[in-house]
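Working notes, beginning with the structure itself.
Chain naming follows the written order as A, B and C, and within any one chain the residues start at number 1.
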Amino acid sequence: MMAGDLAQRIRDRQPGRALAREFYTDPFIFQRDMQDMLLRHWFCAGHASSIPNAGDYWLVDLGAESVIIVRTQSGEVRALLNVCRHRGSRICSGRSGKVQSGRLTCPYHAWSYDLDGRLMVARQMPDSFQRAEFTLKSLPVRIMEGLVFITFAEEPLELAGAADALARSAGVHGWASAKVAHREMYSIKANWKLAVENYMECYHCTPAHPEFAKRHVYARPAQHNQELELAGRSRAAALGIVVPDIDHYGCAAGAGRESVAVMRSALHDGMVSATDDGRSVSRLMGSFSASDGNSTYFDIGPISDFLAYPDHGVIYRFIPRTVDHTEMEVMWLVHQDAVEGVDYDVGRLTWLWRTTSAEDKKIVEMNQAGVNSRFYCPGPYSLQETYAGRFVDWYLQELSRGAEGRAAGDWAS
Amino acid sequence: MMAGDLAQRIRDRQPGRALAREFYTDPFIFQRDMQDMLLRHWFCAGHASSIPNAGDYWLVDLGAESVIIVRTQSGEVRALLNVCRHRGSRICSGRSGKVQSGRLTCPYHAWSYDLDGRLMVARQMPDSFQRAEFTLKSLPVRIMEGLVFITFAEEPLELAGAADALARSAGVHGWASAKVAHREMYSIKANWKLAVENYMECYHCTPAHPEFAKRHVYARPAQHNQELELAGRSRAAALGIVVPDIDHYGCAAGAGRESVAVMRSALHDGMVSATDDGRSVSRLMGSFSASDGNSTYFDIGPISDFLAYPDHGVIYRFIPRTVDHTEMEVMWLVHQDAVEGVDYDVGRLTWLWRTTSAEDKKIVEMNQAGVNSRFYCPGPYSLQETYAGRFVDWYLQELSRGAEGRAAGDWAS
Amino acid sequence: MMAGDLAQRIRDRQPGRALAREFYTDPFIFQRDMQDMLLRHWFCAGHASSIPNAGDYWLVDLGAESVIIVRTQSGEVRALLNVCRHRGSRICSGRSGKVQSGRLTCPYHAWSYDLDGRLMVARQMPDSFQRAEFTLKSLPVRIMEGLVFITFAEEPLELAGAADALARSAGVHGWASAKVAHREMYSIKANWKLAVENYMECYHCTPAHPEFAKRHVYARPAQHNQELELAGRSRAAALGIVVPDIDHYGCAAGAGRESVAVMRSALHDGMVSATDDGRSVSRLMGSFSASDGNSTYFDIGPISDFLAYPDHGVIYRFIPRTVDHTEMEVMWLVHQDAVEGVDYDVGRLTWLWRTTSAEDKKIVEMNQAGVNSRFYCPGPYSLQETYAGRFVDWYLQELSRGAEGRAAGDWAS
C-alpha cells in the first residue's frame, strides 16, 4: 500500500466504527504504526524493583527492538539499545540477569561497555578509532511511582500530566514500594490494535469474562452501577482514599503531551479484592488502612495499562512484534515487604488475570481471523466501547500527522 | 508483479504446456486466482446429511474466508459468513457443532443472530442503531443430490446444466440418500493449481498410484482399455444403469454457466468395488441392484470433484489457502442406512483413497519444490493429461477476463 | 526496494564498515545476491569420493535450487538440475542415494533420463514430441583435488588460478585421496553474509571460541604470533612441506577469474592436530611424513571454505536459502584408507569444529537479531577483520556490476 492510499483510507473511515481490514493486516501499515505511534510514545518497561543492584538488568522488546534496562553504579536506571556499536550483535540475551564485572561485554567480539553504555574496551582497532564515538545508544527513562517508562522518541512527549496522574493513582496505591510477584507472557496471533481495543472496552466482559464480571461492576453498563459506585466512593471517602478520575486519554492529551487516564470502579458488594473468594490476597499497600472495595484503572500512552487493588496491582504491557503478532506481558505487584507463602499465594494472587488473559488471547485471535475476511465490514461501537473508539480515533490522528514529526531512528525501507 | 506484467505472462504461455513458475509462486497472482476464479465459481461444501436438524452446522474455509453451513428452523440450509457484523470476530469455531438455543451468538460481545442470520440481540447500542442493517452476510446455496454447493459470486453462474448432469450421475448413484462415513484433511505445501492439475490427469497413476492402477483401468491410456470399457458398459446396460458422459468442462461450459463433466470408466475385471480385494465394501446405493464394476467421475467448477462406485462414493474438495498452501478434504459416502461395523468397515472403505491421497500429497509437494526453481521450464502435456491442460486453459481464460467481471467483496489491496 | 535505491545504498556505504541493515534483511536484495553473486560463482558441492560408482548421487541445494551430483556410466561426475523437464517435479529426494537401473526416473510421471540427463522414456507423448529437446539441464562441473565444484553461471569464471592454488594446498594435503568421514548440517536463522563475514575473521575467536583459540594461534593478532608462525614454517620446511600463501581473494581475483586464497598458520606449540588433546586423530595425508603442526586455510569463491591439517580436513559450505536463513554444511575428511574405529574416532575427529560451529550458529543469530534493529549502525572493522571487510567490498562490487553481466536462468520474478 502506498502512502497516498493510506491517507485516503484514513479519510474513508466511518466515525464510531472499528478500522477497515487493511489496518489490521497490511505490513506497510504496521511499519507506519511503529513509526508514527509506537516509537513516539512512552511505554512501561516494568518495575524498578526488579533491578535493585548495580548491574542488574532485564530486556524489553518492541517490534524488532531490544532494550537493556540496567541499574548503573550510581543507582540510576538506564535504557540502552541492545545493539553492539561494532557489528550490531545483541549484547545481552535471556530475559534478565546480572552484568558480570560491571561491564556489558558483547559475546561476539568482546567490545565492552560500562553500565552507562560508554565503550571501555575494543581490541585491535585502527589508530583513528575514537572510543567515545561508540557509546551504546540510550533512550530517555522516567521512573514514576516505581514504574519504569521509556520512549524511542527523539523529542519525548511531555510527562508532567502523566506524572501527576500517577502520583494520584499508583502513588496512593503505594506502587513505589511494590515488587513484582509474578509475570506471564501471552503470545497473541493478532494485530496489536485488536489487543488494545479489546483491553479498552468492557462490552465483552459479560459474555467473555464471567470471572471478571462477577467481581468488577465495570462489566455492566454504567447506568446499572450508579448505586454500587456511589457506595464504593463512600467507602473510599471513609478511609480517606482520594483517587480522582482523570481523562487526558488519546486525542484529549493535548499536543506534545503523553496520554493518561485514571478511573475508579467498585468491586461487587462484599469483595475486598478481585480474588476467587473476594477476600484479601496480600497485605495492604500505600495509603490503604483497609480495603475500600474499589479498583483503580490507569494507563499511560497507547500500550501500557495498569490496574490497582488495595492489596495488589497488575501491569499490562502490549508488545507489538509484527503485523499479526503481539505479545502481552502481565505482571502482578504486591507490597515490597510481602512474603510469598506468608502474605500471599501466587496461585490466588494471579488467578483472575491469568484466567481473563487466557480468555482475551482466544477472543482477540478469533477477532483477527474474522477481520482477515474480505467480507469483514467494520460495525458500530456500542455505548460500552467508548474507549475502544477513542483509541481508534487517536490512532488515526497519529498516523495522519506521521509525515510531519518522525520519531528517532532510520525509517527508510 | 503488476497487472500489465500478468497480462503479458498470460499471452506468453505456450499452448499445451504447464504454467510458468510465477503462476505457482507469486502471492499477487494468488490474489488474482481468488478474485477471478475461486470466488466466482460454485464449490461443494459437503453433504447435507451432515446437518440433519435445525441448528446443526459445520464450517467451510476458502482462502481466509470461513462460512457457516447451517440448517435453519424451516429446514433449509443457509451459508452465512462467519464474521460478526459488530467488530468482525469469528462467531463459530471448531469444525462443526450444534448452535445453542437456536441462536448464533458471537462469543466476543454476544451479538446474537437467528439461523437465517438476522441480528436479534445487540446490547447497549446507540438509539440510531438499526438491527436490520446488520444481518450476517450470506452466500447462495444450492443442494443437488444431497451435495451442498455455495459460491461467493454476486452474480452466480448458471447451474441448470450442472444440476442435470448431477441428476444423471450422483442421482443414479443415490447420493441424495447418502451419508458421510468418514473424512480426512490433507495439508499440502503447494499451490492449489498443482493439486488440481494432479487430480485432473491419470498420466501419473501408473508410476505414482500402483494401488489405484490395479483397480481402475483409467490409469492406462484409453486405447488399451477399449475392450474393458465396452465390457463395463455392457454390464451397466444389463443392470439398466444409464450414466451419460458429459463434457461441459472449463471453457466448454459456455459463458455464464458453471463447468461440469461426467465420465464413466471400468474397474479391472472381476472387481465390484475399488477395495483392497475388489469386493463390495458397503450396501448398494441408488439405482444399483448389483455392482456393474464401473466408477463414475464427475466434477462441478474448478475445485470440487467426485467419484462414485455402486456401493460408496468419494468427495474431493480442494481448499486453496495461500499461494503455497492447499488443503484437500476427502469425504467417503455410504448409503444413509448403512451401519458401521455391520454394512461397512471404515478401514476397508477408505483404504484406496487414503493411500492414493497420501501419495498425491507427496508428489504434488515434490512438484512444487521443483517448480520453485529458476530453471523450471514448463514441458508439454502428454496425451493422458488432456484435462490438466484444459484446466490450465480455463484458468488463464478466467484470469484474462478478471478485469471485467469481479466477484463479490472488497478487492482493494 | 527499487534498483535505483540499491545503487544509492551501495554508494552510501562507509568504507571499512559492515553493511547497512537492508543488505541483511531485504528480500529484494537477497534476490540480487542470488543473481549477481551466488549464481555467478563456483562453489564446492562436496567430495567426489562420496559417489564411487555409476549411479551414485547426492543432492546439493542453493536458494530454491536443487542439483543432482551423479556419477555417470563412464565414470564422470555430472551436475543435473533436479527439475523434471515435463512438469517440473523434483526427480530425486533424500540427501543421497543410488539411481535404480541406471535411470533417473521422475516419481511423478516416470519420465526417465540416463545418467547424462538425456531423456530416454516419456510415455504417451504427441507425435511432434522430440525427446532430444528435453534433456535435463546441467551445470558445469570441475573436480579439483577430489573436490567437486559447480556453478550456475552461463559463462563460468576462469578456474586456472584456483586449480593451481588448490594443487598447492589441498594437493599437498592429499585431498584427492581423501574420503568424507562425517558431515553435519547447521540451520542458521541469519542472512548468509553474516555467516560468511563471521567465517572470514578471527577477531571473535578469542571471546567466542575458547576451544579454537587454545589450538590455533590465528585467534590472536598477527603481531603476537610471529615467533610461533616462524617456528611452524621451520617445521614445515624440515619436512619438505611447501604450501605458499596465495591471495587472489575477492576483488583481487581479477576480472573473469574465480576468487582463491591460501594461508598457513601454526597450531600452538606441541600440538600436531587440532584435537582435544593436541594429538593426532587419524593417519597422515598427502605429502606429510609427520605433522608439521600447521593448518592450511583456503577458499574458492564466496561460500566455499576449507581447512587442512596433516591428518584430516574440513570443508565448510555456506548455503544461502532465503534472506534470513542459511544452512552451513561441515564435512570432515580423512585419508581414503583410514578405517573408522582403527585409524580414527568420529567423536575426536569432529570435536573442535562441531563445538566451534555450534558457537558460530549462536553468535551469527545474535548478530542478525541486533542488525534487525532500526538503531543498528554499521561500526568499523578491527585490524583482525580484514578479510570480512574485503568480503563486503567484493560483495558490493558484484552487486554494482550485476546489471551488466547476468548469470544463467530466468531472472524475472
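Everything that follows uses one rule, which is that a contact is a pair of C-beta atoms (placed from the backbone, for glycine too) under 8 Å apart; a residue touches a chain by one contact, two chains touch by 3 or more.
Just so it is clear, the structure is predicted and the values come from calculations on it, not from any experiment.
Shared contact partners of chain A and chain B comprise C. In summary, the pair chain A and chain C forms a contact in which the copies contribute largely different residue numbers, shared numbers making up under half of all those used.
With each centre defined as the average position of its C-alpha atoms, the distance from chain A to chain C rounds to 47 Å. Residue positions of chain B touching 2 or more other chains: none. By the touch criterion given at the top, residues 64-66, 81-91, 93, 105-110, 122-126, 129, 134, 137, 408-413 of chain A touch chain C in their complex.
By the touch criterion given at the top, residues 1, 16, 18, 21-22, 26, 197, 203-204, 206-208, 221, 363, 366-367, 369-380, 382-384 of chain B touch chain C in their complex.
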